[in-house]
Each structure stands twice: as structure tokens, then as C-alpha cells.
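Letters A, B, C and D mark the chains as written, and numbering starts fresh at 1 in each.
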Amino acid sequence: MSTRWWSSTEFAEFLSKLVPDSISRVEENACYLVPEKLVEAMMALRDDADSNFVHLTNLCAADYWDKFEVIYHIQSLEKNCIASVKVEVLDRENPVLPSVTSVWHGAWLQECEAYDLYGIRFENHPNLTRILLWEGYPGWPLRKDFLTMPGGLQPGLNEFAGTAAKPEPPVHTVE
Amino acid sequence: MSEIVKTEPFVMNIGPQHPSTHGVFRVKVTVDGEQITDAEMVIGYLHRSMEKLAEERTYTQNIPFTDRTDYLSSMSNNLGYCLAVEKLGGLSVPARGQAIRVIMAELQRLASHCMGAGAFANDTGAWQTPVMWFNRERERILDIFEMTSGARLTCNYMRIGGVAFELRSGFEEAVRNLLPRLQQTIADGQELLAENEIFIARARDVAVVSPETAIGASLTGPMLRGSGVAWDIRKADPYSGYEKYDFQIPIGYKGDAYDRFTVRLEEMRQSIKIVEQALDDLPGGPHSTEVPLAFRPPAGEAYARIESPRGELGYYLISDGGPSPFRFHIRPPSLINLSVLKEMTVGASVADAIIALGSVDIVVGEIDR
Amino acid sequence: MLSFLATDHWYDLRDLANLYRVVLEGLDHIFPTGLVYVLTALLGFIAFFVVFVLPSQLYVGVYGERRLIGRMQARQGPNRVGPLGLLQPVADAIKLLQKEALTPRSADRLIMWAAPVLFVAPAILIFAVIPFGPRMVFADIPVSLMYFLAISSLPVIASFMAGWSSNNKYSLFGAMRIVAMSISYEIPLVLGLLAVSVLSGTMSLQGMVYWQQDIPTWMILIQPIAFAVYFIGVSAELNRTPTDIAEAESEIVAGYLTEYSGMRWGLFYGMDIAYALGASAFAATIFFGGWSLFGLEQWVPPWLIFILKTYLFYFVFIWTRGTLPRLRIDQLMSFAWKFLLPIALINLLVVAVERLIWTSNDLPDAIVWAFGAVNIVLMVGIVFIWAKVFKYDPKKRPTKPRLVNEPGGYRPVDLEQGGPSL
Amino acid sequence: MSGFGITVAFWILAALTLASAGGVMASRNLIHAVLFLIVAFLGVSGFFILLSADFLAMAQIIIYVGAISVLILFAIVLTPRAERDNSETSMVLPALLLGTTLAAVLLFVLYDANWNVTNVEPGLSAEVLGSALLSVWVLPFELASVLLTAALVGALMIVRRQEDEEGDSAS
């Protein structure tokens, strides 16, 4: 017994019945969703008895130079099947995507991580902060053009620009 | 009246330098008396941007990186990464290589759970004794790793298409001598801790995660199984020949810290069973297939996952046909298991929060990568 | 009973008071009368401290504890400095003296400086009333039991000062915990000891030793409940595991000692051991017959018997420390108020009734054996009933997880018919 | 009370007690005030020892130093910081007046009282005290205990929260 991977065509067929107009295009290895319908489609996939995708396994983003993609691996524990869903983010300057934390609580930290490293803002996320890097870090390090971004690590430069000396923290007294 | 008679809440930092955060991990808790009213974790102290670095190196060069994410289970990390690359490149591993990988992964699980169970016992206040007892056996497992791969902690033993070297002579004997000792230590742990009245009082009904919460929060591994959800990648999606071995999935009753601890102990027993079976019919033949050093898998993507000691460890690779991955993503079980940190700690006392944190069994290297 | 065999010769080691007296008499010829009075006090303290407390602290407390716990934890313990590591405590002390005692910038300097000093003073005072032999007690005051309780309530204040003045949140937590613990456990402790005092009819420690010598018995056989209450209460007051929540290093780093370093920390550490020794000595006196050992004290030096009993009791402290996990503070509190206090009160009532029967009917001394039997039966009965009332059944609790063969979703727990009780 | 040593001890104790009592009044920080109070209590117990009242001295330390001061410390730490310090008050003049009057009355009583030297053996053993409390003075003793119990129950009622009551009734 091993986990069944839903093929993209099978998935598209299933989802178009469940939530119409939620699929933008279907490719060989994944099915691309429309960002506006993302949360609705995910909610339906989670709650429908036939799909039962209750477990968000993996959420990550990827940079294809001209666009971002956010990849969701969702699985059903009882049916032992897994599917790969993608969403495209075309606006590089201001990438925005609806958050799926309302569907799966487990998306919380993974979306934070994607925001931290790619700068993709997830709308309606309860607390979207940088988790691995500090607030105010210049640039989004996992973008392919990170080195050419303002504040990125320039070739030949040994220090990050923008790491100014921090003020000494004040002494707090125990309340 | 109750507005007047109240204590003053204050913010307390647990970590980044604290004996119980198992590394540089920090939780900012707001405390009212002894009760926690808010908890916020602060991570990133150990961030080494491995995902970015990996985009500049070849597939084989990336294997040592995986050692250093979850530094308590390097073999499992190697295995997960190699499986992902093999899936991407459509490679197959010879039977002997698969069996050796299973033995190593299970020994690594034993070593990691030794650390996890011991550190958890330390968090409950059993002053170092269980840690030392479990670490004694962990050292012996690390001796076997050293004998096989030359390194104790960051083994770098798996390769794409198999394992790096053939097993040394005397390996099988060493492992067979070790297993009864491990059984004994697990039995000691069962008696000293799991059946200890104080331990039960401390860990039972603490940091309860309901199965619905656990599934919704994407928990995996002992955290998920402790909540009573039967989910183990080794059973559900067998890799590296796990379907050949006879073992069972331990699941807990209530999803509290005690269940997670006992699940870990039981998983150690099951791992011993698997290692014994794998040793009994260790196939002959080559240990690895020939893979060019600058391996160029075809363009595409692959998501491979294994059951690491901490949960589902996934590697998501995108290849553009070049010698290095276009995107290298690790699904870190330690980080995602911390999704429920707030649910576990808010409302509990500081002492229970430490227990909750200990029962997650985090490795900061994997959280921050 | 044979009379006490020790002679008045100064070389009779069975009674070290002889030596002390000889020295004092010699000094009396040299100094004016008033000064000898002061010198007696000083010499007594120095003698007690240097001969007994300091070596015990270093070699039982520091070295012995570390070696024994090392043995329990499958490791070596200190074995490098000197033969068998015997000089390790000395090396530690020298190291601590050399280290800088840091004071945080926002700390309350004066109180932070005064706390270790105030912590040390009661640790020395506590040994003033402990009888080491028939004539070897420094201050044989009639209320030495009360004295012991009074003195042992003082270090709490010093610990609180240490925790509060450091201006560290962990320290403050430790201070609050130690204060809460001490006021909770003081009450059952006093009530437990009151029962002992009621039965023996004296508040003097020396009187209790004589009482136990006369029966002859040990108080632990007559009053097991009082001993249990004392042991638990005193472990809580001394911060020994399983009740070391004030210094719980896995929770609040080092509790009230977090900001202390150097010899200031060393004073706390050393005096913690001295308090544990004092509590052991007290337990040995009250519950284990003190310096008497069923007649053997006439040949063996009584102080040796006493010290061995003290060390034996101290070993139990080390043993629990190496074995048990730590309880949570609310569990400890509810244990003190809901279990220890009622049980101590019941014990006090029963003992008072026994004492009344004994004295009003003029019964022979052997009747205490019957009392002892009654008390032991009572203790077993109470614990049994308690377990029944709270439906405590360890056999029905699952200590191993369920095992399943197939993966899938959530498997509900079947709680029907003889299932596990959670 | 006689002898050189005892006289010296008395004066030292008196100075210590008075100085720390003054410290209680003068110190702005409440924690410091409580610590001064503890020293004052210890000094008072020293007086008891000088009067050969061993039992009372020990009871003084156990109850006042070991329990009451510790409770005060606990209460101060758990109080919000804003309400913790000794703040200025507008009642300085009335307080001064009241204090002076009280001191005058006490001094007058001290001066006026007929301090007899009795031949009663000094020293109050625990047995004597106990039997006196439970025979001659049994009514005040029991009344005091009833009062203290009532105070305890009252304090519990005041700090009891609404949600606790609900939780208790549910369980």
C-alpha cells in the first residue's frame, strides 16, 4: 500500500465540479488555481467527503524569475492520497495571495516562512511576520534576483548593507 | 472585587539561552502569576539559509547540508534528500542499498528518540539521570555510525543511488550486540519514567492536542500519533523497502505529553524490530548504483517524504535540467509541529509550558535551517 | 539500663566534651572569668562547625553527592583532582573564591550582598541544639525543637531577598515559589513534629533521645506518619527533588540563584548542603534515636553513631535527587494542603489520645509498642482509603501506547468494558 | 536581669530593634521596610530570650518572622508596582499629632506604672503556658481562634473569583 497521487487531470475534473471556475490551467504535474477562488476551493476540498484533504503537508513558494508560484501539497489521512496544487503570483512588485490559515492552521508558520524568504504577502493571515530573519531585513533572500536587489549582498561586499548598529537595549526592572 | 485582587502580568523570555529550549530557541511568554496568558515564539537564531545555498551547489554537494539541518538525525535527512533526487532523476537503488538505508535510518531514529526521551525527562525535572542513561546508548549507536561512515553526528553516508561505502566487517555483530542493550534501556526508561507516579502526574493531561487540532495544524510524527491518529509514512507511503518489514504504529490515547513520550518509547521498540529483520535478510549485491558526480536530472519537480524521528520530513526539489537544483525546499517537521505551541501553552503554567516544549522534541537546526 | 560508660578523662574519645572541658579549664586560668563565657560560645561553634559541618559539607555534601549521583547516572563523577578526586571540593572552593561575584546593574546592591550572609548564619546556628552525645550538646535548651523550627524558617527570608534583589524574572519566580512553598509546608511539618513532642512529652532534643533510649525504641517505628510528613515537608523546605521547584533548572534556570556567581553563589550552595545536613541530623535525633543505638553507644563513641545516622539519612536525599522527576507547584501546594495537613492532624489527634491513655492509666512503657502498631495500621489504612476515595488504580492506567497495523485517520479510544481508565 | 553580659546584650538589642523600627518608617521601598520589620521582630525575640522566656522567643520567630513577614513579602511582590511604594500622603499633620499623643500616653504609663520586682522565678516553660492557656484562659483562647478562623474564611470569600465558583460547581 502506498499513497495515491492524484493526477492533475483527475484533480481538475474533481475540483471543477466542486467549485466551478477555480482552475486557471492544468499542467502535467500540477493544477493551477485562481487566486481569488483559492480559499473557497481549498475549503471545499477539505470538507468534501470524496477528497477529504484535511492535512496540509507542505506549503512552499518558488521563484521563476518572471513569476512566483506557491505550491501546496495536501493529503488525506483516511484515504491515503495526496495532491499537489499550485497558485501563480504574477505581480513581482507586490505579490499578494489569500492566506489558507482559515482552512488549515498548519499553514500559519509555512506562510510566514514564504513571506519571510520571498516577500509574498498572504492576506488575512493572523500574524504575518518574518520568522527566520529579523524585522527590517532588506530584501527577500530566496528570490532569484536577491543579489541585485537594493540592500542585497553585493558581490565583493562582505557585509550586508543596512545592518546599522543597534542601540543598546534599555535596562528593565522587574515589575 | 476580582479586579482589585489580582496579580500583575509580566513578560518573560524563555530562551534563547535557557536550559530547556534545546538550542537557541526563544518563547516570549506573558505570565500572570504562574499562568501563561500569551506565548510567542521567536526563531531564526540558527538560520543558515540552506535553501539558498543549495541552489548554488550540485545535487551531491547538497547532501552534507541535509546533515546539518536536523543534526540529531542526519541519516534520516540524507535519506529523504536522496529519495527526492532519485525520484526526480528516476533512479533506482539496489536491494542491498535499500536495506542498509533502512538499518541506518532506524538506528538514527533510535538515537534521536534516545535524545528526545532523555531531554524530555530532564524537562520534567528528573535531574539528568534519564538523559545520561539514554545518552549512554545513543553513544553506542553513534559508535556504529562512526564505524560505518567515519562521522558520528553529521554522517553524510547516503548517496544518490545508494550509500557511500559498503558496511565494514563486524558491523552486523556490533549492531546485534547493541540491540539487547537498547531493549534493556528502553525497559528501564519505561519503569523509571513511564510508570513513575510523579512523571505521570507531570506529563499526563499536559499540553493536550486534540486529533482535530493535530490534523488541522499539519502535525506529523509522534505529535500526530500521540493524539491517536494512525499515520506513519513508513506504512502509508513505504519507501526504501519498508513494506517488507513487520512493524506496528504506536498511537496514544489523549494527545498529551505523556502519550507522546510513550509513543516515542514504543517507536524505539518497533525500530529495534525493524533493524533485526533487516539484518536477518540483508541482501547481497552492490550497495549503490553508478551515478555521475555532476548529476543532471531532467527538468521537473519531485516531492519525496520520509518518516524522520520528528515527523514527516519532505524534500521538494525543482530541477531546470542543470547540475544544481532550481529550488530546494525542506519541509521541516520540527517547525510545523510548533504550530500548536500557543494552543499547548496558553492557560498552562510555566512548568507545563516547558513540558509542552519538551514533548515536541524540537531540533533548532531544523527549525531555522 | 547500664549507666553511661564514658569516663571523665580527656583522652576518652567516647565523649568529646571531655576534651572541650579540659581546654576550657586551661583557658580559665589564663583569661578573666567573663571572657571564658564568650570563648565557650565561640569555641563551641567553631568546634561543631570545623569538626563536623565543614568536612561533612565538603565530603558528603559536595564530593559524596557528586560521586553517588555520578554512579546513578552511569558516569564517573569527580575523579581528577587528588586521589579519587578527593580534593575536588577544595579545588571548587578555590575556584569559586577566585571568580568575580557579579552584581547586575539594576539589582538592589545592599540586599543582594546581604542575602548570602543571612543565609549562612542560620545554617551555623541550627547545629547548636543537635545532641551529638550525652554531654555533647552545645545548647541544651528546653525548647530546642521550637528552636530548630524557628531557625529553619529564617533562610527562606534570605532566599527571598536573593531572588527579589537580583531583579531577574527567573529569580523573582524562584523567590515567589520558595516563599509559597515554605509557608505551605511549614504547617504540616510543625504539626507532624508536634505529634512527636506530644508522645515523648518533651520539646528538648536531648530529652527525646533519652526517651527513645529508655523505651527502647526508635520514634520512626512508633510514629511512621510523623516521619513521612517530616521527610516530605523538609525536602520541600530544603528544595530537594522531587520538590526543588524554587531552583528548577529546567524551568526557571536556577531560581533565586540565577544572578549569583562566585563565592556568593558558593555560600548558597554550601549552606544548602548544611541545611540538608541539619535536617538529616534532626531526623536522626528525633526519629532514629540520635546518638543511642540500643546499648551500643556505651562502647562505640555516640557521636560516631549519630554522624553515621545523619549520613544515612542524607543518602536518602541524594538518592531521591538522582531518581525522581519534579512536581509542579500547584501539585505540591495541593499535596501539602489537601493531603499532608489532614494526615498530620489525624496523626496528632490519635497520638494525643494515645498519650492520654498512657499517662492517665499509668500504663507501662511497653505500651508504646502497641501504639506503634496502631499507628502503622492507621497509616496503611489511611493511604488505602485515600486511594479508594480518589479511585486511584495504577494497574488500569495505560503506560504503553496502542498499536495499530494500518495507517489512516483518528482511531477513537474504546473506553468500554475494562478499557483503560484515563 | 543582671550581669554584665546580659546588660550589654540588652542595650545592643534595644538599639537594633529601635533602629530597625525606625527603618520601617523611614524606608520608601516596601520590601526594605518589611526586611527592617523582620530585624525588629528578631530583636523582640532576643528580649524574650533575655527574660528567659524561651518558648515565647521561639514562637515569636516562627510566627512573626517565619510566617507573617513572609506572607507580607509575598503580598507585596504580587501587588502591582504602582501601588507598592510608600507614597506621600496629605495626612502628615494628623498622623504626626496622633503619633505624638500616643507616644505621650505610653511614656506616661511607663513612668506612672508601679514596676514591682516580684520573687517569682523567671522562666515560663511550655507546660505552664499550655496548661494556663487551656484552663484559666480557655475562653479568650477559643474566642481568638474563632475570630482567626472567621478572618480566614472572610479573606477566602473576598479573593474568590466568579469563574472559580462556576468551575467548582461544575466539577
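The working rule: a contact is a pair of C-beta atoms (placed from the backbone, for glycine too) under 8 Å apart; a residue touches a chain by one contact, two chains touch by 3 or more.
Here the structure is a predicted model, which means the values were calculated and not measured.
Q: In contact with subunit A and with subunit C at once: which chains are those? Just list them.
A: Neighbours common to subunit A and subunit C are B.
Q: Using C-alpha centres only, name the chain that sits farthest from subunit A.
A: D
Q: Which chain pair shares more contacting C-beta pairs: B-C, or A-B?
A: Here the pair linked by more C-beta pairs in contact is B-C.
Q: Quick one: subunit B and subunit C, Cα centre-to-centre, how many Å?
A: 42
Q: At what distance in angstrom does the C-alpha mean of subunit D lie from that of subunit A?
A: Taking the average C-alpha coordinate of subunit A and of subunit D, the gap between them is 66 Å.
Q: Distance from the CA centroid of subunit A to that of subunit B, rounded to the nearest Å?
A: Spacing between the chain centres: roughly 24 Å.
Q: Rounded to the nearest whole Å, what is the centre-to-centre distance of subunit C and subunit D, using the mean of the C-alpha atoms as each centre?
A: 28
Q: Which positions in subunit C are in touch with at least two other chains?
A: In subunit C, the residues touching two or more other chains are 169, 172, 407-409.
Q: Counting only residues that touch at least two other chains, what does the list for subunit A look like?
A: 54, 77, 80, 174-175
Q: Two-or-more-chain contact residues of subunit B, please, as numbers and ranges.
A: Counting only residues that touch two or more other chains, subunit B contributes 8, 10, 215, 229, 231, 235-236.
Q: State the interface residues of subunit A toward subunit B in the complex, per the touch definition above.
A: Residue list for subunit A touching subunit B: 1-3, 29, 54-58, 60, 62-63, 71, 73, 77, 80, 82, 84, 104-110, 113, 117, 130-134, 141-142, 146, 174-175.
Q: Which residues of subunit C touch subunit D in their complex?
A: 34, 37-38, 111, 141-143, 146-147, 149-151, 153-154, 156-157, 160-161, 164, 172, 175-176, 179-180, 182-183, 186, 190, 203
Q: Could you list, by residue number, the parts of subunit B that touch subunit C in their complex?
A: Checking each residue of subunit B against subunit C gives 10, 12-13, 18-20, 34, 121-129, 132-133, 136, 190, 192-202, 211-212, 215, 225-232, 235-236, 248-254, 259, 262-263, 265-266, 349-352, 354.
Q: Mind pulling up the subunit D residues that touch subunit C in the complex?
A: Listed in rising order, the residues are 4-5, 31-32, 35, 38, 54-55, 57-59, 61-62, 65-67, 69-71, 73-74, 77-78, 125-126.
Q: In the complex, go through subunit C and note every residue touching subunit B.
A: Residue positions touching the partner: 69, 72-75, 169-170, 173, 241-242, 244-245, 248-253, 321-331, 394, 397-413, 420, 422.
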